[in-house]
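The following blocks contain the structures, represented as structure tokens.
Shared between the two complexes below is subunit A, which pairs with subunit B and subunit C, respectively.
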Partner chain A sequence: MDVPTEEEHLLYSQRPEWADVLPLEQYENITPLAPIFYTDEYKDATNYFRGIVKSEEMTPRVLELTEDIIRQNPGHYSAWQYRYKTLMALKCPLDDELKLMDELAVKHLKTYQVWHHRRLLVQQTRNPGPELEFIANSLQNDMKNYHTWSYRQWILAYFNDDELWSHELDFVESMLEADVRNNSAWHHRFFIAFQSGVRNGDQDRDAIVRRELAFVKERIAVAPNNASAWNYLRGILDHAKTPYSELQAFVKPYSLPQPPFGTPPEVVDLEDPLPSKEAQLPCVAAIEFMADIYEEAGSGDLMKATELWRSLANEHDTMRRRYWEYRIKEASKTIKI
Partner chain B sequence: MTTSLLVPLHVAYIRALGNSKDELSYHLSAHLRMNAVYWGLTALCIMGHKDALDRDEMVDFVMSCWDEEAGAFGAHPDHDAHLHSTLNAIQILLMQDALARVDVDRVVKFILSLQQPSGIFAGDAFGETDTRFLYCAVNALSLLGRLHELDVEKTVAYIRRCRNFDGGFGAIADAESHAARVFVCVATLAIVDRLDEIDQPTLCWWLSERQLPNGGLNGRPEKLEDVCYSFWVLSALSILGKLTWIDASKLEAFIHSAQDIESGGIADRPGDVPDVFHTLFGVAGLSLLGYPALMDLDPVYCMPASIIEKLGLRKGWKALQRRTA
Partner chain C sequence: MAQPRRSPHDYYETETTDHQAETEIILLKHIPLSPGSPSPLQRDAHLQFLVRNLIQGLPSRYISQDASQPWLLFWTLQSFSLMGVAIDPNNKQKAIDTIMAWQHPKGGFGGGPGQAAHLLPTYAAVSTLAIVGRPGPGGGWDQIDREKMYEFFMSVKQPDGAFLVAHHAEVDVRGTYCLLVTAHLLDMLTPELLEGVPNFIKSCQTYEGGFSSASQPYFSPEPEGPPTLLDSPRPPLGEAHGGYTFCSLASWVMLQPYLSLQEPSVQQPSLNFKTLLRWLVQMQGSEIELGGFKGRTNKLVDGCYSWWVGGCFALLSSLGIIGSHDHDHDHEPTVHQEDEAWDDIDDSLWDRAALQRYILCAGQHPAGGLRDKPPKPADSYHTLYCLAGLSTAQHNVFLSSTRRDAILGCWKILPESTQDQLRRACFTHSLAWTEEEGTSHILGSKSNRMNATHPVFNLTMTHTEGIMAHFYKQTIPPRSKRT
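After this line comes the complex of A and B, so read on.
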């Protein structure tokens, strides 16, 4: 018998080893809203799928069939469900299944089911190390893929293994090296540093805060117009209950235009890195930050805050004019009291 | 440069969806069929053309998706029951005044069975969990008048775990803030009257920051604009009473430019292929922005406001005033 080539793909209905299965057509006795136009292959495969579901068959050929369906349509959630049940019933080696999933994931990164299936598998294999490697590789193709990052967070939290955690900071730093504006990476860093409990060696929380402040300041210095970095900075301060005013010396230069050409350079301050000469200034987030500092200080400084908000509304961030006007109005209520 | 919503074209586009010439993509999206019907019908309702699709055919289709074993609705006949399709089925039947066809007790049982010990909801027996399923569950229970059977504390406790340092919410605990998940969490909290769980100043600012220089909205920092965020972001802001923080005229212009002026329908961004998902969310966004001659949309339930009001479920959201042409 000839091995079928691409053009000669044999339908299940043409294969003698499937002759014992009763395929079930879509829409038995039901008139559809609009008739579905199938390719013959998909129709054939799903007919046979309905057949084996009805007879509750869980055999190796079911794995072949469900793989066929998933390759054509990764969104077919019933096929995924049934495949998983079959894998469990047959006690299949799950590492092989994961290897197969590695291949499918590349093609279908944005499909929920692909990641959820892995989650179920790794809960069985209890071997998360290779998963972190797989995730890192898969992120190379799509650095902000939401499911991928969320899966990584789940693995770390679920297994909560110090060895797994120990490499995370390096990992996220390399991602930020590749793209300092990767919001997913910034979020992940916050998760590692502040939202995943206290691990061995990280008991000095003040040291962690100092380390993270130094890190984000350096990144802001390199590329100040980066919303994620400023959100991160605020996140650290809120978490550590540090007043924003403590960052005034660092932030102020970013809220001003670039000094004119020929201005002698400032003394280098390692604590408060200055914006690079190429940076586009003033930076909207820095102006906003300064306004927040002045607003917090209150009384006389409220006028300074208002001036900054006005400059944002009228010049630097006109898109959000209504928001800045709201801030002015709210602050003026305080003055009146 | 299109500067208005091409209603007749979009109505025709939705009507023609059943006769898709692109056969492959149509059948590959069978697992979205119930969702697609809901998106299409809701868009028609907002545009004032509810009767463009046959009511009886639609109701029959919905009922044909009933999974007798599970006691709920799948996305397509013989697909397993799923929370998302179940919500959409209920919404369609409400819009078509046919809810009496549903075995409500069984549906409620199905919905409640999907809540996990942590408070999150799975979408189906497969177990995928996501805050959007939490929203599907709470929305559906509320529409069915059975919200009192929900463990609200447990549900709210899980949402609290999804709240991030930037004020936003993610898909599961520890996940990155994302505008669509912000919507589902905010809308859920609105339904159970727990908007106090939100850091409103920070979140509303984060939402207004989604607007890009081209007027469109993105879902998280440094990502591309997409018409669907016109709904996710706008509805969240509308629920929190800060819809004015978006530049409305710039966003309207962006949505208009994403229309397909030949075949009808709205795409994710200008120049791309339209689909019924983005058509609904573009129209929904315009409705919230007060675009003339559209029906009011309830942003909490993403359904015609008149239906939600009749059910006594209207919450304190604020849309922009509807302009006369």
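After this line comes the complex of A and C, so read on.
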């Protein structure tokens, strides 16, 4: 519970400097359903807010009032909206506002409004530089926060400035270092590598694809049962229109049981790292991937695909039995034609 | 039942596997002794939980929901509808009066009285009026200012086909869904409103197959006139997510009549249904997660995705992606007790029985109401979306061509209407959804049965028909069998 910070927090209704505002009750002449039991402070502040909105006042004291409401309920989007309009009307120094946002974003990480308000401010200040570090720090507390990640992507896309982008790959690599299963970080990597146009130095698209394939293969080797990494691998291939079969040599060992301890690898292939000795194999995503390769090849290989789908349906991934059976049925349609 | 396998972590533990392991230890305790006999639905306890919120009110920690008052009411009243509970006239009137206090003088509804208009509460308010409202003075329906609402909608429309959820607020595909549902229910659709929306939806699909909250448009300046929106780059902002995926896919379904009326020469945007279907089925948790749904890759199962993800399969079917057998052909009504009996009638690609098990065994709070997962408290949001998920897992609701033809046959052209084709197409497309006879499958006792819900609107068919017949000034033919 947020408690008013000042020890003697007077209600607006007790403060002479607010006496000229006519507070508005929320409901008049009706008994609402599902009423919320407000604290006196919240009820008082929002009554004065409704009064201010009605009179369309935009003065410095509106900033005090809206901050007070936001601290009690950061989801009060109307208070945010009115605050923004007032900041603009008064031409307030936005650096102070951003400082306040630094504090509020940490406190209310999961609120849409704290992040959006930052966006509005940064569009005015046009100074995105400090934002990336702020976001990085904020992600330390909540590594998969949806708003924080989309805000970072927005900063990069909106300002589209090479300087801003220069350390992005290092950043996302460090996030994946901290948790290789963080899907938000994988998505961010895809956004950087493939979806935001071509940056200076990245003109050789085949090289980017090779770099990303090498990166994701290493991450799969460390912890193969990681859906995020496999989805990323598929994403690269779909994006580059590369057939899945080109990955067959890499994927196959992951689709098989762990070889007996001490079995030497047949061939040491530096481009296709083998699963770690600790890996729990076979890996469902690898079996699925192999089946896709066989399906792509068609004709005689469809039997192999069917066999793999059947093993998923009956043994390795029984929750998706119906889906795997559907894949078998769909593939069998292509044979008949 | 043998103890299900723990999720593999390859002896390389990270925060993701730590959270997953903690959750699995808790969920393990909720696995029923026999898979066909889950905990019964504690209907009375859930009703009491909701009634308490409605009548006695909500404790002060709900101040955080003060800007979501329409949602609180929608979650509660739609939960009643799903459980087949009608509301008495006195409380209906109270609900109408409460809702109408949220209407903004310049159009749309706010999150409470005196709050700014916003697409999300507008949807929640109008949907709740579909449940409790009626025509005439004091009934709510005829007091909605649709002209001003339309102006509000157009005022938040962006050049890339997205909508701000409110003035000076964010773009978010939830806003698109909420606007489209509202415009469908209230007969407010125009080509002007819908232009560019399909391409915006398309741009939110990520490489994983699911959808993100928004995308970033890029424009190229033109010497004269407005800048041109580029097809690429147009990156999604944020990863594939269950809630945004539902909103995107449901929007896509609602846009079908509009798309089918376009000139054949205009290139139609398309979605990648192959990756979408794969992503959707991947969101269903394994046996140890009781088959609940997650909202993102490598995140935890959560009861609310029972609807947001579980609800996507009926939407996909309507697009002809999956389950394309002729649903209009009647099945013999049968009672299915055993798990095996499902196969005869159920051509769905996900495990409907398992989802019911998750909701019944892990989703129910012992003190009433439903929840994300144990040991979390219940709330009205999770109560509705768990119950709606239960409903979608129990019933096959499909777009019936027979029903569509019947509705079309009764269509009356209004002299004042300028958008007859679009209105007619959207009206029939919205109301052709029909519950397939004889294919419901209720896990456990029959008293676990929910009412069927509209796969796009999440309202009962009766409530959908009532409000749409009123605003489109149409008569809807009676359904051939049960209602």
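Keep in mind that, in the parts below, the second predicted complex is superposed on the first by the 317 of 337 C-alpha atoms of A that agree within 3 Å, B and C clash if a C-alpha of one lies under 4 Å from a C-alpha of the other, contacts with A are read in each partner's own complex, and residues count from 1 in each chain.
By our rule, contacts are C-beta pairs under 8 Å (C-beta built on N, C-alpha and C of every residue); 3 or more make two chains touch, one makes a residue touch a chain.
Here the structure is a predicted model, which means the values were calculated and not measured.
Student: Regarding the shared-chain residue A:146, is it in contact with subunit B (first), subunit C (second), both, or neither?
Tutor: A:146 sits against subunit B and subunit C alike.
Student: Would you check which partner chain A:222 touches, where first means subunit B only, second means subunit C only, and both and neither mean what they say?
Tutor: second
Student: After lining up the shared chain so the two structures overlap, which partner does A:197 touch, if you call subunit B first and subunit C second: first, second, both or neither?
Tutor: A:197: touches subunit C, not subunit B.
Student: In this superposed model, does subunit C or subunit B come into contact with more residues of subunit A?
Tutor: It is C that touches the greater number of subunit A residues.
Student: Check the residue A:158 against both partner chains and state whether it touches subunit B (first), subunit C (second), both, or neither.
Tutor: A:158 contacts subunit C only, not subunit B.
Student: Considering only touches as defined above, state whether A:279 meets subunit B (first), subunit C (second), both or neither.
Tutor: The second partner, subunit C, only.
Student: Just checking: does A:183 make contact with subunit B only, subunit C only, both, or neither of them? Give me first, second, both or neither.
Tutor: So A:183 meets both subunit B and subunit C here.
Student: Give one of first, second, both or neither to describe whether A:321 is in contact with subunit B, with subunit C, with both, or with none.
Tutor: both
Student: Let me check the overlay on chain A: which residues of subunit A are in contact with subunit B and also with subunit C?
Tutor: Common interface on subunit A, subunit B vs subunit C: 26-27, 30-34, 36-39, 42, 50, 72-73, 75-78, 81, 84, 112, 116, 120, 144, 146, 149-150, 153-154, 157, 181-184, 187, 190-191, 194-196, 226-228, 231-232, 234-235, 238-239, 319-323, 326.
Student: Tell me, which parts of subunit A touch subunit C in their complex?
Tutor: 1, 24, 26-27, 30-39, 42, 46, 49-50, 53-54, 72-78, 81-82, 84-85, 112, 115-116, 119-120, 143-144, 146, 149-150, 153-154, 157-158, 178-184, 186-187, 190-191, 194-197, 222-228, 231-232, 234-235, 238-239, 276, 278-280, 283, 317-323, 326
Student: Would you tell me which residues of subunit A are touching subunit B in their complex?
Tutor: Residues 26-27, 30-34, 36-39, 42, 50, 72-73, 75-78, 80-81, 84, 112-113, 116, 120, 144, 146, 149-150, 153-154, 157, 181-184, 187-188, 190-191, 194-196, 226-228, 231-232, 234-235, 238-239, 319-323, 326.
Student: Mind pulling up the subunit C residues that touch subunit A in the complex?
Tutor: 7-12, 14-17, 53-55, 57-69, 72-73, 76, 91, 94-95, 97-98, 101, 110-116, 118, 166-170, 172, 206-208, 212-214, 216, 218, 232-233, 235-241, 275, 277, 279, 281-282, 284-287, 291, 296-299, 322, 348-351, 354
Student: Which positions of subunit B touch subunit A when the two form their complex?
Tutor: 17-20, 23-24, 26-32, 37, 57-58, 60-61, 64, 77-80, 82, 124-128, 130, 164-166, 170-178, 205-206, 208-209, 211, 213, 220-223, 244-245, 247, 250
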